[in-house]
Amino acid sequence: MKLQESQISDFNKKGSEEHQNQFDFLANTLDKSGVNTKNVINALAKFQVAIPSWALGAGGTRFGRFSFYGEPSNLTQKLDDVGLLHSLTQTAGAVSLHIPWDIPEDYNAIKEQANSLNLKFDAVNSNTFQDQKNAKESYKYGSLSNTSQAVREQAIAHNQEVIKIGEKLGSKSLTVWLADGSNFPGQNNFQTALSNTENSLKAIYKTLPDDWKLFIEYKPYEPNFYSTVIQDWGTSFMLANACGDKAYTLVDLGHHLPNTNIEQIVSTLMLKGKLGGFHFNDSKYGDDDVTVGSIKPYALFLIFNELVYGMQNNPQNPDLSWMIDASHNIKDPLEDLIQSLEAIQEAYAKALLVDQNLLKEAQSANDVVACQEILQKAYRTDVRPLLAQARLQSGGALNPLALYRELQIRATLIQERGKHSMASGL
Amino acid sequence: MKLQESQISDFNKKGSEEHQNQFDFLANTLDKSGVNTKNVINALAKFQVAIPSWALGAGGTRFGRFSFYGEPSNLTQKLDDVGLLHSLTQTAGAVSLHIPWDIPEDYNAIKEQANSLNLKFDAVNSNTFQDQKNAKESYKYGSLSNTSQAVREQAIAHNQEVIKIGEKLGSKSLTVWLADGSNFPGQNNFQTALSNTENSLKAIYKTLPDDWKLFIEYKPYEPNFYSTVIQDWGTSFMLANACGDKAYTLVDLGHHLPNTNIEQIVSTLMLKGKLGGFHFNDSKYGDDDVTVGSIKPYALFLIFNELVYGMQNNPQNPDLSWMIDASHNIKDPLEDLIQSLEAIQEAYAKALLVDQNLLKEAQSANDVVACQEILQKAYRTDVRPLLAQARLQSGGALNPLALYRELQIRATLIQERGKHSMASGL
Amino acid sequence: MKLQESQISDFNKKGSEEHQNQFDFLANTLDKSGVNTKNVINALAKFQVAIPSWALGAGGTRFGRFSFYGEPSNLTQKLDDVGLLHSLTQTAGAVSLHIPWDIPEDYNAIKEQANSLNLKFDAVNSNTFQDQKNAKESYKYGSLSNTSQAVREQAIAHNQEVIKIGEKLGSKSLTVWLADGSNFPGQNNFQTALSNTENSLKAIYKTLPDDWKLFIEYKPYEPNFYSTVIQDWGTSFMLANACGDKAYTLVDLGHHLPNTNIEQIVSTLMLKGKLGGFHFNDSKYGDDDVTVGSIKPYALFLIFNELVYGMQNNPQNPDLSWMIDASHNIKDPLEDLIQSLEAIQEAYAKALLVDQNLLKEAQSANDVVACQEILQKAYRTDVRPLLAQARLQSGGALNPLALYRELQIRATLIQERGKHSMASGL
Amino acid sequence: MKLQESQISDFNKKGSEEHQNQFDFLANTLDKSGVNTKNVINALAKFQVAIPSWALGAGGTRFGRFSFYGEPSNLTQKLDDVGLLHSLTQTAGAVSLHIPWDIPEDYNAIKEQANSLNLKFDAVNSNTFQDQKNAKESYKYGSLSNTSQAVREQAIAHNQEVIKIGEKLGSKSLTVWLADGSNFPGQNNFQTALSNTENSLKAIYKTLPDDWKLFIEYKPYEPNFYSTVIQDWGTSFMLANACGDKAYTLVDLGHHLPNTNIEQIVSTLMLKGKLGGFHFNDSKYGDDDVTVGSIKPYALFLIFNELVYGMQNNPQNPDLSWMIDASHNIKDPLEDLIQSLEAIQEAYAKALLVDQNLLKEAQSANDVVACQEILQKAYRTDVRPLLAQARLQSGGALNPLALYRELQIRATLIQERGKHSMASGL
């Protein structure tokens, strides 16, 4: 299924006048307060977030999974889904493949399809947290950190294979998320596990093409419940430094202990030029992987405030790879992603409204009350008209979710794919 | 120091046109979407939050306290400060006394002063977590829960005394916050401590006037670091039930373990008709007592969503006592309170915008995406014009903080009181 | 596979002398310090913990499951496994069935088998957190709390069916664990969900036989990640009170927010006569379900200290149902259970060593240092000889794990059942 | 007050026979299982922990402080207290001074006193979290990170002064704990604060004598409640690397977010040769600073397991500075410290019992069950006879707490110092 431009423009016509009113009024207010609204709109229009190929189906928990109908059952259908999302939102212009779940059968066909949908291939992701059928070695006790050289070599080779697949598609980065760790005190020798991991990452890094980046993700726990080899940003940063200039830390919002100040981590990494990628989701308890912005939207704004600051002030840090890394347990995955994309754009827009000069002054003067006011002024602004305007400008829908429902897209997908189609992935 | 009405009206004139524009545009938008804006404004204007008498000076931590200049050094000056706050915001129309810090010397004078400042006396608070000079018994090992009958009796008598003081002022409720608990496993027999507490509360309850309420606060830890006798809402609720119909649970936002779903607690208590009071603050780690809305504004909104729902649907629950219970470690206490009051009103306003009928429908249909959209629609609305309008309507300042600074109120207070005046309290 | 008594007694002979030395020395020391060692041994020998029928296979996480070989693939084989455990440890004299995973086909055969293995049927467990094949209604959006009456009725009927199955086997209690809750703010009306749950529980309670108990479990999150209908002990306690005298709260160690003081909850519930059951496991982060005692053995001891106190001082509280509720992701399930049983007995033994009279005195005198010393004295004692003696007395193995390995039980099971047999369950 | 050797030896005589029995039996058992008990005893006897000069008086919380009688009111009396502790335990052979609380008036006298008491001067500690009387600049908004150069320079100069004081006493290291951070989002520019801190530390480092070490402590929150400049080990490690070879990370047990795997941090730092110091205490909720081993003794053992491993396998890491950093809110400080020292020695002794060779084998074989058994075997051993034996060998008391009470040391101190003497500090 593919949207026609006319479907979008017809829809937009209906809300056009109301939108124009809202937008004009807000733009006028913002411009008077010193904001360059046009620049904000352009920044929003440019901002693109990758959708992972495994996120188009229903997720689940260890207690089970309630399936969703009309899931894409192959890579082509997954690209179609991302294409739909991108048509509606103009914010999902990239896809991030997980290997081996989504190895293309016909690279040219897949590239052409992506091209026609205006999608790029962002970071490719390896998987060494599950055993694949007929695999010689098992990752039950770890992959890159395993005490067995044979297992480590299999995991290294897999990552190198993933790079090769990515190269064929035009990807420029590899994301390594390791589930490695231990469930019980004593199970792992921490130093051996860390040293093995460092050596394995270096072996992968060695085969990384010159224009590629290696992203090293961290996570404090789950699926291991006592320790994780790369438990925090400090460990990831240390490993990235050990690998070399093309290695970076990747921050996933859900991968932190309770109460962690994530925005400070982001800021430190950008200062050091070592933040490579960013995974969006939200959570109340652990790595809950729920819709972006559904639980702690102010924290998301504060993080974006640091990201924007870094993008404007830290040339030492490269452009970031953005990806949604959420799980859709009870919502239609496409609706869930639309909500996530909206929340991301909202936080970004608000961060762009922060008056950085005033803030710097207030900070220098230790005017704590004013510092807070400056951030809150930006945050309290209703930026929905800006988001709609940016979409409009790019050919997207004024209200993506409303159009998605009006066009009964899920029903059409079910018709096309059958009720019980099932996406590969978790 | 007392504000002249003209000082406020002159200030308001300057911003009047811009405000009117913003308000009219928003009101128009809201009315079209089915909101009765006038009712919202009226509800906001009616909403009053008590300021505790100890919150007008600088707070501190166990590592020290950085003093603030021009603190009120007696009850009269404290009432003056609350009066200033109320003039500016029209939201702080009550004061909550802490005994023995703020025992009036001349009840009539104090009542007249409060009256002239348009302030009511809300709940009175007892203090059994510190030893007063010349006290016969020490609370080092607990008060209402102490193993020593003499200590328990002293603590009961103190609470009864606080009630009498409150009666003279027109208060209608007593808030009991117990620091009782233990620092080490084994220190307390949990059952003895709980039974003692229940009996002590019953003894206090016995002397409670018919038209009074008893609020039982809970807190999981601090100042005790292993256990607290009333550690959670369940314990408070159980004790309130044991005392009788006039006993209620009091919820303080900061008194919860990490990740607690506080809005659900609020909802449960209102369903059971047992939520009596509510203390506002915000926190990232523990009972940090920072400015309301400065850390988790969306959580505050969700809580208000339940409070509004309860106020509209739970006649079994009485009107609530609202109080700010924050500590002002590095901000001017009055500026801090202005920011807190604004954040409270903001959350309340947004909760009032939630379309409860649509929400009920979406909930019944398990349309999870729509449920989220409905809450987010209300939350994303920029309600600052509504707050300003409500203040305007009541004679407050369009922008209380700006006026506070323009009038250089703190400088005046320092002149009046001297730099090193110091407020009683923590 | 079934162990011969001679296999155990032969094994014990080898270690007998060394054990006798250790035991005599310890018993002598304890007796001198006022402990009645014989009574302790008898209490340990009497203490029996139920094994849930789903815990004999490999567990997993949402990221996958690494299978274990020789798993029991039907109820008969599961009982065999529990029988093996019980032969070795003499502590696992009960089994707790999960329905519909383990509905007996031939009740008489199953009862005879259990009898021959010396096993009782403890609490039966219902399952309304997954959809069964061909189920008319789905639990995707809740079961007993669902907004749809049809779903609630299906869930009620299922629980009533589980009671009937339990009756045929001689069970005397039903454990209800509800996954009901919500993933997003707004999804649930908390009050509706709670009221529905209360009414559904009452409907189940109505059909409860006179000599049965209803256990209501609580859990703050997972599989739902925003709210759980029965989120804490307070809610469970409230519901149990609403149901009646035969309804009780069930505490699962892993079902608490970070840093919760669980021993205090246990103590409160026993004081009120409302603690019905207890589920053992351990965790560092969330409901990790790892081996009992592997992470926080001192916390387990402190909990047992309250349990022992309650068993000795709270006749108002019934005998408790004990069950291991852990997941065996990377260990042989039987070895894991042996380690868990050992840790439970260890904590129980140490709690039995606490000098309750001395403790009461020290508590009354607020001698905090002495209180701690009394608990630590018991905890620091090496009680392994007591556990071995209790097993010896009951016909179990001096060292169950060593014998399990010496007899190569897993290898035998694999031979009997095949490598890829798989247990029903999660 | 000073203990006579005869007071200790007389006391020891009374318990000597019973101790000898217990020790011989245990030593015999351990030796049979391959432990070199003599080496363990020697290691225990050698292990010395510094007592901070501020820990001899009562601590408190922001809610108040309950004073303790007979507190040392000057440095001489504080050394006397540490001397008493060391006489009794033979484990407290060092003192760690906090400046400016404890600047010696007569260096020679203090050094002679320390010498006569067998005490060394361990790390000196600076204090830039409080304003001293007559200080020119205030640390209200930070010290080494402050936006004001004048404040930073004052803080740097203070640290340099502390080094000079330390040099006169024979200290060889400086511990920097920064309270710097922010209470509200926006208050600090994270990058400016971090860069300022790095530069300030480098300025201090520059004046560090060649044979000195600089310890950089980290802490996630408190006294600031939104952010701390050095929030975690990663930040400290980064700063230590930026300073140079003589700069190290210092780990304080209480300075971590909930559920942090501290033992892994210790292990990583030792692998990298960057763990310099270690502060002991215990906690359930935050930086509770309660008696070592009173809440999570198994976690302490696991940490010691990594420390022992590092001391045996990481020559790249220097000898560690050990200090107790607890607060004595309700216990006699000396009794509290005796309990802490006992708990430290206990954890150390058990870690020394771990069979590292067997553990390595089990880890290589991924025998998770065996790994756990090996750690638990060591942990479950009752090592109190080993601790007593080590003390006996060094001239300490068999049971320091019992002797402390028998000699009525506190009563004597109160007689000597008066009831209301008060220690400087928090």
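Here the chain labels run A, B, C and D in written order, and each chain numbers its own residues starting at 1.
Everything below uses one rule, namely that contacts are C-beta pairs under 8 Å (C-beta built on N, C-alpha and C of every residue); 3 or more make two chains touch, one makes a residue touch a chain.
For clarity, every value in this text was computed on a predicted model and none was experimentally measured.
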Chains touching both subunit C and subunit D: A, B
Winner on C-beta contact pairs when A-C is weighed against A-D: A-D
Distance between chain centroids, defined by C-alpha means - subunit A, subunit C (Å): 40
Rounded Å distance, subunit A centre to subunit D centre (Cα mean): 42
Subunit C, residues touching no fewer than two other chains: 140-141, 183-185, 220-221, 226, 258-259, 261, 284-285, 291, 294-295, 330, 368, 372
Subunit A partner contacts - residues on subunit C that touch it in the complex: 59-64, 66, 129-131, 138, 140-141, 179, 183-185, 220-223, 225-226, 258, 283-286, 288, 290-291, 294-295, 327, 329-330, 426
Residues of subunit D that touch subunit C when the two form their complex: 22, 25, 29, 258-259, 261, 284-285, 291, 293-299, 330-332, 335-336, 339, 346, 368-369, 372-373, 376, 379-382, 384, 401
In the complex with subunit C, residue positions of subunit B that touch it: 140-141, 147, 182-192, 194-195, 220-221, 226-227, 231-235, 237-238, 257-261, 263-264, 267-268, 270-272, 302, 305-306, 309, 313-314, 359-360, 362-364, 366, 368, 371-372, 374-375
